[in-house]
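Shared between the two complexes below is subunit A, which pairs with subunit B and subunit C, respectively.
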Partner chain A sequence: MAVPSILLLCIIFLSGCWDQMNIEQRGFVLGVAIDAYPPAPAKEEGKKPGETPPEEEMELEIMETHTGKPLYALTVQLPILRKSSQPSEGGTSGGGGQDSNTWDITQIGNSIYSMNRELLSRTSLALYYEHLQVIVLSDRIARQGIADVLDFFTRDPEMRRRVRVFISKGEAKSVLDVTPRVEEYASMYLSKMPINATRNSRMVHQTDLGEIIIAMHNDFSFILPVAQSTKDEIKISGAAAIKGDKMVGWVSELETEAVKMIQNRYLGGVVTVSSPEKEGAIEVLEVTKAKTKITPLIKNDEITMRIKIMAAGNYAEHVQKGVQNTRVDTLIARLQQEFEKEIAKNCAATIEKFQSEYKTDVFQFCQILQAEEPAYWEKISGDWEDHVFPGMNVEIEVDVTINLTGSTR
Partner chain B sequence: MNKSKLNPIQMMTLISAGILGVDILTVQRRMVEKAGRDAWISLLLGGLLTLISGTLSYLLSVQYPGKDLPEILIEIGGRFLGRIFLAAVAAYILLYLGVSIRVFTQALLIFLLDRTPIFVLILFISLVTGYAVFKDLDTIGKVVDILFPITMLTVFFIMLLALPQSNPIRLRPVLYHNTSDTLKAVLPGYQRFTGASLILYFMKHVRRSRGTFLWYLAGLVIPIVSYAALTLISIMVFGTRETITQAYPTLTLIKSIQFPSVFLERLESLAAVFWIGLVFNASTLFYYASLRNTIILFSIPEKYKTYIIWGHIALLMAIGLSKGQVWKAMERFDSARLLQSLITLVLFPLLLGFTLLKKRRRITKSHESTK
Partner chain C sequence: MGILKKLFKQKQKTPEQFNSHAWSHLMLSGDIRDNISRLNEIMNHSSDLKSREFNLAGSSRRAAILFVSTLANEDMIQEHILKPLIMESAVFNTRGSMDLNDIRNSMLSADSIQIVESFDDIVLGVMAGDTILTIQGYDKGILIHTRGNQGRTVGEPATEPSVKGPQEAFVEILKINIGLIRRRLLDPNLCFEMHKMGRRAKADYVIAYMKGIANKELVSEIKNRLSVLDVDGQATTAQMMRMIVDRPNSIFPLIQVTERPDKVVSALSEGRVAILMNGNPEAVIAPTTLPILMHSSDDYFENWMIASVIRLSRMVGVFVTALFPALYIAVTAFHPDMLPINLVLSITSSRMGVPFPAYVEALLMVFTLELLQEAGIRLPRVVGQTVSIVGGLVIGQAAVSAGIVSPLMVIITSITAVASFTVPDYSLGLALRFLRVPFMILAVTLGSFGVAMGMLAGLTYLASLKSFGLSYLEPIGTRYPSDWKDGMIRGSLWSMKKRPKELNPEDPIRLSKRKREKNRE
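== the complex of A and B ==
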């Protein structure tokens, strides 16, 4: 009798699933934007006066907090699945407006977790982060420190470490509000763009949540891609330099290219130089492969980083030379030298900027020192970014090989 | 008791499966906490110690053909002292089993079944493993034979996929100002290979063959290499500082795997299904050992085995559910391992020495009497 009774109890209590949830009940969060609260004056945020949300909307957005004042405005982007499955008339639409494919819902508070829970009082869906594609942080948040806002995303088991993180110039929410022309949702549009990093070296591509957490835990400075937006377009434009967890300044597109090359993360891109043959003309190299080796040299307590870059690629174009009868293959050696000089110049200028202006080692030379010169590192580790790195010498050696010249010689 | 015999090759799968339990989820964190970036070296040295102590366990089992560990302990120590030894072994194995089920269910709660009550998970694992134990070692062996290659392939596959995210520079400098910590972590490293001494429960059921010892060694080498490689890759991917902040580094490692296109987005959930098989294997083998300990310790007739299995379920529930916090459970896990080190590094070699001495005396005596 005992065994059948236990079996019966097991059938009652162990069948079914506690974790069952119908897919239509889930609110798939595709993107998250975090802005500082209270917002900066309209001009600073790039808004026209009158663009602030109506009062009744603001009332819904602000939540009552247990302690402290509201610090952040969290916007989550949810796809409106029924709408997106219908054929759209006159192109796709996104951005959270009336005709939008997405619902961009904002909550104001001082902890991401509690804001996230507060959002549940405004939607019939259970917010689900497993498919989160992007996190966009405003530059104001980045300057205040990103560790506080990212803790929720690193701690919650629903999050994936492959979520891409971007910094926006101005309001982060406006990036999610974009109505993309090709993609259905702004978050998907933004998350897919770094795929092009194999051909465009001006985009930072390795910037997922996991990479950021590793860098922050190891006290490494790093760069994050910057997203700029218009009504229907997003551009990944340069980067933001992060020291500790705070943004210290902007990094231009050419500087981003140099940082990637020095970090040995360059996947492919374009380098242009002035023609050695004709004044005003431009020669273009498509870099298909680049490898960087860094060796620290220490002499009399003075440190020199020897950076050796080996790049290979194809001669891609000449501009403003007119009809040319000289064969490019006869100029290869000279062109290679010019490209080498250009790459070295760009890298040197970028390192110099980070040494003098930001005092921030986004190249993570410290990691190389730690591994290769541990005794020296022990002596200077406390002073690295503020004193030693700015005074460090750099030797750059570039070796460019042109493999192909296209379909003409 | 079922009389069918295990093949010598099954020593490899059973021993590997016994060692590769819930530790596979946390081994990196626990070792990096103690030895930093050189944790993999401590694990390899701990593995070497495991090979030595495993060899001693094998030799001990060979001295008593047809007997398993509880019977050997009673034979050597007699009814009183033998039972004291056995009680220590039984306590350790039961504690290890209960806490490892708890730690694993906690991981399931975090990553897969966040709303399922923990007692249901513990009860379910206890029931399924209990049923396998009820069916006896022959059935357990067959189940392990099926699950083991799948779980090992998963482990190998995950390590391979994580390699592109790794940066070997995070392993350097090797042993720089860290030799002492690395050596201190050898014992904790050794404690990760707890299942090695399960040979003392299985040898009784193995068909006699010369290759048994070699298969047993292979069964030890597989988890040693797997754990060291997993630790090495985790350090290369996360660095030491991040590894120690993670509750379950192996699951985080799976989450960090990147593909250029959208592919296997929920790899960790897929892998969790295989971890269930892995923990099921180890739990079943320890459950079996615990059952044998109880039967011999209390001289219970074999026909009452079913009741002992039901009793075990209650005990496992009690251990698993005691004091809610998982971190406390992990601390208890380490106390259980200290007992294991004492048993395998002190008690077993002493017993082997005593047995060999006794045997030598008997031979000398018989020589003297024939003279």
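== the complex of A and C ==
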């Protein structure tokens, strides 16, 4: 009895504790921003000449490397936690949140992993990425290729698949540097915004690390949300189209809406048309449900994508030019037609742009083709995005149903 | 070594001395003086042993009674022994002569008497409060039942309170306790087998069971185990029973100790066995299982769905009591990734500036909690309030604002304390409180992996436990699925048509529906 119990104690006390670290010694990285290094000089000077970091700080930020030149500037966001057990002094809580709640440390180097370890020489906290919320990549990085920088985040076991990835217009670090009004940390602010995708479809949702890995490994093109920032505000404005792992161009908000609708990822949003009844008036449809069915039709090696969109929604607003009486029987039917036309027009224009300008199949039509016409796909798969997709015909059929007309008639 | 051996030898001798009392084979003689002085001698001239000599029924025949005045009911002695023997019977006694049978049959008005010859019986009886009547010329005496039932009146259960249901608790007098049970179970098959326990001080105890329901093997097993015990005299029933359980060293209670007669009654009618001992305000029920210890009598007064939810929440309380501080340590020191980010940040900021690591903090608070609980029991009721004020306010609030512990730790500790009070069985609650510390050590060293391993080991141990042959975790498990109705949940009363199968009762049916008489007019 004595021997087994001593052995048991040995197991517990000799093999235990190896990864113990108290919670207050851990630095939970909330967000990561990756910029290209060196920064584009012309843009930097033209925009904000005073904002370039002073010399001493730059010295801290650049690390020695084994090989190669520094390529990236990695910024990690750590929360600054204040002792909560003490009652807060009057000034700090009502002070308008002028001082930031976060510490954004930038490190310049050429591999994310080594930069991450180099950061440990500048903070007393051990960095942990378990609670990482967002990764923001600058558009320059995105144009160079996101696979290079995302490799660390996909490979490291500390990461979660649900980390959201954003592309920033301009410097990525400035997105994290935002001091949000409501949320405490910019990363949380940014990561929570796609919750609103059920009411605003101009934002891309479901773009977490896992989705991106799947898309990149299948060689699909996709869109990533774009984050734009001011001092205290972030806006998700449209998207960036990624082909392979490189960004090919911006996608406007209306186009984002169309892409989501065609991809059957539309959760709800708004469509506006000018009134068929009254000159200059605007009619607004709140789309509550949209379902898209795509069928590829192949005739003589010519593909036609038949896209059937069924949208249902409520008549939400009538703007300008007096009272609208929705009791008129024909009005709803005519409005439905107008909305159908508008949606079809927007979708067609968007597909056209991606066909001609970007030659990028962010709609992932290829996936449908692969599933439904495997023989044909075999033939054209090598040539899909460059030749076949741009020459593809599209038939769009939209069916809008207005369910409710609101509290007033 | 030699000295030790000598000591041991001496010690081993002592029991024999007590077993062969000098008086154990002595018999009464015909001389009352002789008898009185002999009994006085045996009882070491104890000051409370009283004797009274008198002339029997107006005749010249001498008689004497002896009793322990502190135990016997003196009113009864006067009314039912002295008065009839000296005065009243003189009126009827026309023959002039009488024998022992006459006295027994027509002169004593006491309700329970017994003819005795040996001092063995006499001493035991007198020490329990009986009175011995010895008459000149007869070498037999009459032991008259005059035990006084002085003691507490039946009160409310203090340690097992319930909202509804009977509010009576056992008292220290065995006779009253048996009455409390008997009153609730008017069944001639309810057996109370009286036994005596103890080498020096003899204590009465009864084994209560329902003949025809309780398994015969179980009853004889308990009797056998109790008969093996040869002890000086057992102070409490629980002590006695703890010595004969299957694993005396287990921290989990393998017997159920209760002060509620209604619990005993329901246990008896399920086919279990109860043991009550004189001088103990509690009954011991055997065998018992972990789920049974989690039952409260309140469960049976409510709708079965409500009772089941309450019972399940009590089960949660068990885990919280034993594991909550350990899980706190494991999560904060090893796996903060298991919590949502906002919680992590608030825990972190609450731990800012706390000088100790989480486990020291947790051990500190758990230790403080134990001290407070112990102090709450020990303190006289008058100053009891001080503990709650000092404990709750001063230690809780002040420790946080002094920065010694984090506010979250105070919450964890209080939740643990509250949860530990939901366990209905006090001994089980103590066992769970005891388990807290090993789980915390596992959490410190191995994180939640350690806690999981600890739970696994604990579960294995629990599964290996047996209470008088019954698996401790019954009816959890697949052996008796029909018993699930009254295990972790409480099924509807109509569904519990059979007694628990795990007890192997001789009469399995306890409930059935009578056919309604249709042609009743």
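Basically, the second predicted complex is superposed on the first by the 368 of 409 C-alpha atoms of A that agree within 3 Å, B and C clash if a C-alpha of one lies under 4 Å from a C-alpha of the other, contacts with A are read in each partner's own complex, and residues count from 1 in each chain.
Here is the rule we use: a contact is a pair of C-beta atoms (placed from the backbone, for glycine too) under 8 Å apart; a residue touches a chain by one contact, two chains touch by 3 or more.
Remember, it's a predicted structure, so these values are computed and weren't measured experimentally.
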Between subunit B and subunit C, whom does A:208 touch in the aligned arrangement: first, second, both, or neither? first
Quick check on the superposed pair: does A:130 touch subunit B, subunit C, both, or neither? Answer first, second, both or neither. both
For A:162, select first, second, both or neither according to whether it touches subunit B, subunit C, the two together, or no partner. first
Scan A:139 for contacts with subunit B and subunit C and give back first, second, both or neither. neither
For A:82 in the superposed arrangement: first (subunit B), second (subunit C), both or neither? second
Of the two partner chains, subunit B (first) and subunit C (second), which one does A:118 touch, if any: first, second, both, or neither? neither
Is A:22 contacted by the first partner subunit B, the second partner subunit C, both or neither? second
Should A:385 be classified as contacting the first partner (subunit B), the second (subunit C), both, or neither? neither
Now for A:342: first (subunit B), second (subunit C), both, or neither, which partner does it touch? neither
Find the residues of subunit A that appear in the contact set with subunit B and again in the contact set with subunit C. 13, 17, 19, 130-131
In their shared complex, at which residues does subunit A touch subunit C? 12-13, 15-17, 19-24, 26, 28, 30, 79, 81-86, 128, 130-131, 133, 158, 188
Over in the complex, which subunit C residues touch subunit A? Could you list them? 332-334, 336-337, 341, 344-354, 357-358, 400-401, 403, 406-407, 441-442, 444-447, 450
Within their complex, state which residues of subunit A touch subunit B. 10, 13-14, 17-19, 130-131, 157, 160-162, 195, 208, 210, 213-214, 217-218, 367-368, 370-372, 374
Under the touch definition given earlier, write down the residues of subunit B that touch subunit A in their complex. 110-117, 120, 123-124, 127, 165, 169-170, 172-173, 176-177, 237-239, 241-242, 245, 252, 255-256, 258, 260, 265-266
